[in-house]
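Below you will find the structure I want to go over with you.
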Amino acid sequence: MIATLQIFLIISAALFSIGLLAALSRRHAIFILIGIEMMLAAANLNFIAFWQFSPVRAPQPVGVMFVIFTIAIAAAEAAVGLAMVIAVYRHFRTTNVDQLTRLKG
Amino acid sequence: MTDWITRNVWLVPATPIVAALLILGFGKHARRAATGVAILGQIAALIVSTCAFVPTLHSHEFRAFENFTWFTFGEQSLRIGFVLDPLAAAMMVMITLVGLCIFVFSLGYMADDKNFSRFFAYLSFFSGAMLGVVVANSLLLLFVFWELVGLASYLLIGFWIERPSAAAAAKKAFITTRIGDMGFFLGILWLYHQSGTLLFYDGGHGCLENVALLGASSTFIALLIFCGAAGKSGQFPLHVWLPDAMEGPTPVSALIHAATMVAAGVFLVARVYPIFSAGAVNGVTSSLIVVVWIGVVTGLMAALIAVAQSDIKRILAYSTVSQLGLMMVSLGVGGVAAGIMHLLAHGFFKALLFLGAGSVIHGLHHEQDIRKMGGLRKLMPVTFATYAVGMLALSGVPFFFSGGWTKEEVLHATSHWPSSHVPYFLLLLGVVLTALYMTRQVMYVFFGSSRAGSDHHAHESPSVMTVPLIILALCAIGLSIFLTPAWPWLESYLLGHEAHIDAHLLLQPMILVSLVLVGAGIGLGFWLYRRAGEVDPLQQKVPAVYRFLENKMWIDEIYEHTILALAAFASRVSDWMDRYIWDGLVRVIGGIGQIFGALTKGADEGVINAGVDETTVGARGVGRAMSRLHSGQIQIYLGVIALGMLALFLFYAWLT
Amino acid sequence: MRAEDVDQVFVHLKGWVLSFLVGHVPDWLVQIASSLLNIAMLLGVFLTLFALMSVFERKILGRIQNRYGPNRVGPFGLFQPVADGIKMLIKEDIVPARADKVVHFLAPIGMAAAAILALGVIPYGNNMTAFVIDGGILFFFAVGSTTELAVFMAGWGSNNKFSLLGAMRAIAQMISYELPLIITVLPVVMVVGSLNPDKIVHAQKYYHFGFVPNWFVLTPWGATAFILFFVSGLVESNRTPFDVPEGESEIVAGHMTEYSGFKYATFFMAEYLGMFAVSGLAVTLFLGGWHAPLPWLGFIPSYVWFFAKLSVLLFVFIWVRGTLPRIRVDHMMNFAWKFMLPMAFTCFVSAAVWHYNGRRLSGWLWSFAIIAIVYVTLSLLLDTRRKFAPRTYRFAE
Amino acid sequence: MNSVAFAVIAIFTLVFAVAAATNPRLMHAALSFAVMFVGIAAFFFLLGAEFVGLVQIFVYVGAVAVLIVFTILLTRRDAEERHGFKWGGVVVAIGVFVGLVWAILKTNSLPTLPYLVKAVTVKEIGTTLMTQDVWPLMCVGVLLTAALIGALVLVMEDEP
């Protein structure tokens, strides 16, 4: 097995789908966040893979820069998201997203 | 020195803004420091702008600009800059001088206010933002300062936030001008699309230097920019916020109406005048025609409304609207210099009038109804004298008062407009009306005997308030030296010509006309209101007309019943659609099924009954399923998004 | 034998061992063998050091407290660690019934693994770095930050309120002091222009005037940063006076309450290894790494110098432990956020002034002045004006 | 060597990812999540971006995972999931995965270069951050500050 771009992309697709799975089928609000973080990590993997396999060599490591900023933003997102989970838990006494349906039509 | 100032003209707006930040930093209790910093900042700005004014005197067609790159995105770079030319220099001096007088006046007027230092911070900020508008050399930078002016006006109009009316007025001013700004912003985008630059002057590459490139779109760009100008300068139909802005403290009204906010619109039109006049035939373009007619309608309408108002500040507010209309007409017919001259002169005497009104209000303990005033001539002699100067200047009495000369210039320019003569005659009517309502106001406030007995406490204001009045009055008179047709120095300065002395021009038929008209207006006013009581004489004679005017031609009400009603109606319609159509559709299906069931029940109860029941149940099920789509469950929404992605994949598969 | 050969003896030894493999096995196997050798060496050295440290700590503490310390097993009690080890191994391994057993089991392993990995990037001598990574300093902290997770696992897995409380305290103090720890490293990284520990050591190899070493601890910012780093290191390794998480009078033994036997020993070992790692990093960053303090002492092998410096720092660890009482938890947090963090940032600014002033005298004076001003200001601001007086007993007498 | 390491890392990462997504015990899932990020960091090492890998470990294992376990601790009442799994999500996820893989295999716009590590040095990243990407860096700084304050405000107790 030779590591090609396609294999990296397939692995990142798998990670993305697992993240989607976590976000879609778990009832605990934290898992939606975990799923989103996984999807972001999959995107990061894609960035790095595309950067590594790109035929043109840019003077700046563009893919790496993308990932660094994504990580920073994902960290901010996780902090705020988890704070929201705590705030929601305080208010509704649950983190089960099935029960958090105040916005239903 | 001169070289240095032309490169660093940004200092002029920076000084008051820095002062504002400093004051905010000092905190609420540093009242003395706040006033000190504010006034020092204003004095510094005045000195710097005077220094900047000097080099523009020496050479004709003087124009210095300093551009730099703000940021680069991709291959585009956004450049902004500052410009110094006669237009900017004259405006700067006027704004800082008038602003300084207003600041000093505010010392006395606002002395008892608990948010004294905040007031001065806002005031400094306001003045700095307006100076920024004046010196900006890029439409984008101008727009930034433009919005800062809007923000400052919002803060200041709503300064007494505890009054609901003030809060509402601030909101109204903000939203109304925002409607115009929307158009302005679209105009900016369009201009950028067409010309690729937003710099006014860039050594031959600026957008004002290559207006021919714009082609046919220049008309639309000009009209969109005019939307913004109309919003800020209170032109019909966006003038409604300006009278309401009287809810702010009187010095704020003075600043808004004289030097800063409303002047911005007129200034903007003058600044981008090449866009308006691009491709002009005989000095007339379709965009300029719009400007003229909007100006005429505004001027006449506001003058008519002013005749029937009873609030001292509202009368002045409508007079501002009317004068702005006059300026717009002047710009539209090609008299740019005349319009700007009127703007400058108006800045001085309108500030004088507002501060005089402020002095009266202060003396009468915040009484604003002119029908309850009277006989203040003896009680407040300084205020009266200076107010009379302002009133004569606004009415347009020629020879001695700056307003007379500039108004005469405007009329002169209008009379030569090749497109139509109607604006000219309407403006003449406006002159009469202006003289009439100003006379009415002075008669009510200063002559006769006291009404309603609220004035026995009246007292002359302290010198901190009267000295600015005197200075402004002297300016209003003194400026006329530079304005006479015999030696039109200011006009030549603005146009970049050499000024010539020609004493013959002092006496021309036009002056006679305006003298007669002004005399008629003043005389009519004197005669009508010589012994006016609590009830307005006009109200007794023609009550219907008076009521029509008193209620500002019901424009606010018209807006409320058309535009706002339309918005409310639209929201009600969508609410109703939600409630009945979608839900109702389901019920109708169910209902049809039920009717059908009822019809067949008697005929074939045993056979069809079950089927009909199924239909209705099914229909109800559809309804329930549809409402279940809005379950409020985030995961289902997310899943739908993922399914959408899948659908895109399928679509892609189908394509390839 | 020349001095260079003595210096490189371990490097040559490894090359000699690997030379048997080259040509007979694939290249990647040689790489793995090389790494394994490095790791084996690392483990061997530091586990021995751990054993020595445990006995010397007890003996030094004994001297400080005017008693002998262990002196029964072997000569001078040197075999005490062997006896301790046997005792730990044959003790019963107790796992609480309601514990989360997987987590409970994995916590000490994670902790020890992190500590050993962190030891890997420190250069112990000339050409003696186990893992050569361009971002070695970052690696150190990245691995070090996983310790927090291990501590949490220990606290959660034990299903005991003291464990959980202890873990929370430990994580709180580790996160709080991780900031000053990392920020005090930044000036060195900035001045050297690299995150690579070897380059940092290399930058300190020169001597001023022929005898003053170019160590960063001898600059104003470096001295301050070193002290801050050392204090933060004390906290990170949960040593007295910052051993709040396992303060036995308050919460039994913190996150280690429910551990016994070999797992407890692993925790204990991980803590000591962490201490070695922090001290080793301090030596690398501030004390010139493996360079000799004086140019004519260069004939002594580099690793000797490294371990000599390390032992001095370890002695200070023990000395502090024997001297200072435990600090209250809220005082400790206040100290981190209100004093350590601002001072760490000050070091950064001061180093920038020093560096970009061309390292001239004015730069030295400026950087000293900046630190002095901030220090004085902070001490004035943080002074609680509370007077300490001799305690008076009103009823006891 | 590389393909072996690659396969090992891929299996390791995906197994822990699945564990993180499906383990009913929250704490175990969160810890698997942390381990999964170690796997992703290993991928980054393999692809020559070791700095990013280290940052990934530092941020995710050192910070985000700790945050997550703390949140689980603070909302302990729901620490175990009693109700079942939603199988609809599984179907959707598998569908998306199949679609993605199909697209990856189908497209011919991907460069088919051999695997040749070109490592990026920390210095290069630093230079780029300070020159070309200095504005994004500032923005991220502001964003992180805002997120910090926002998170604090969100979890602050209401009583004074």
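We just call them A, B, C and D in the order they show up, numbering each chain from 1.
Operating definition for what follows: contacts are C-beta pairs under 8 Å (C-beta built on N, C-alpha and C of every residue); 3 or more make two chains touch, one makes a residue touch a chain.
Keep in mind that this is a model prediction, so the values were computed, not measured.
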Chain pair showing more contacts of the two, A-B and A-D: A-D
Approximate Å spacing (C-alpha centroids) for the pair chain A, chain B: 49
Length of the line joining the C-alpha centres of chain A and chain C, rounded to whole Å: 34
Intercentroid distance (Cα basis), chain C paired with chain B, Å: 68
Cα-centroid distance, chain A relative to chain D, in whole angstrom: 6
Junction residues of chain C - those touching two or more other chains: none
Residues within chain B bordering two or more other chains: 635, 639, 642
Shared-contact residues (touching 2 or more other chains) in chain D: 51, 55, 63, 70, 86, 88-89, 92-93, 96, 100
Interchain contacts, given as pairs of chains that touch: A-B, A-D, B-D, C-D
Of all residues in chain B, those that touch chain A in their complex: 627, 629-635, 638-639, 642
Touching residues on chain A, where the partner in the complex is chain B: 20, 23-25, 32, 97-98, 100-105
Residue ranges of chain D touching chain A (in the complex, touch as defined): 2-3, 6-7, 10, 13-14, 17-18, 20-22, 26, 29-30, 33, 36-37, 40, 43-44, 46-49, 51-52, 55-56, 59-60, 63-64, 67-68, 70-72, 74-75, 77-78, 81, 83, 85-90, 92-94, 96-97, 100-101, 104-105, 110-115, 117-118, 120, 124-125, 128-129, 132-133, 136, 140, 143-144, 146-148, 150-152, 154-155
For the chain C and chain D complex, residues of the former touching the latter: 26-28, 31, 100, 102-103, 106, 133-135, 138-139, 141-143, 145-146, 148-149, 152-153, 156, 164, 171, 175, 193-196
Residues of chain D defined as touching chain C within the complex: 1, 4, 25, 27-28, 31, 34, 50-51, 54-55, 57-58, 61-63, 65-66, 69-70, 73, 119, 121-123
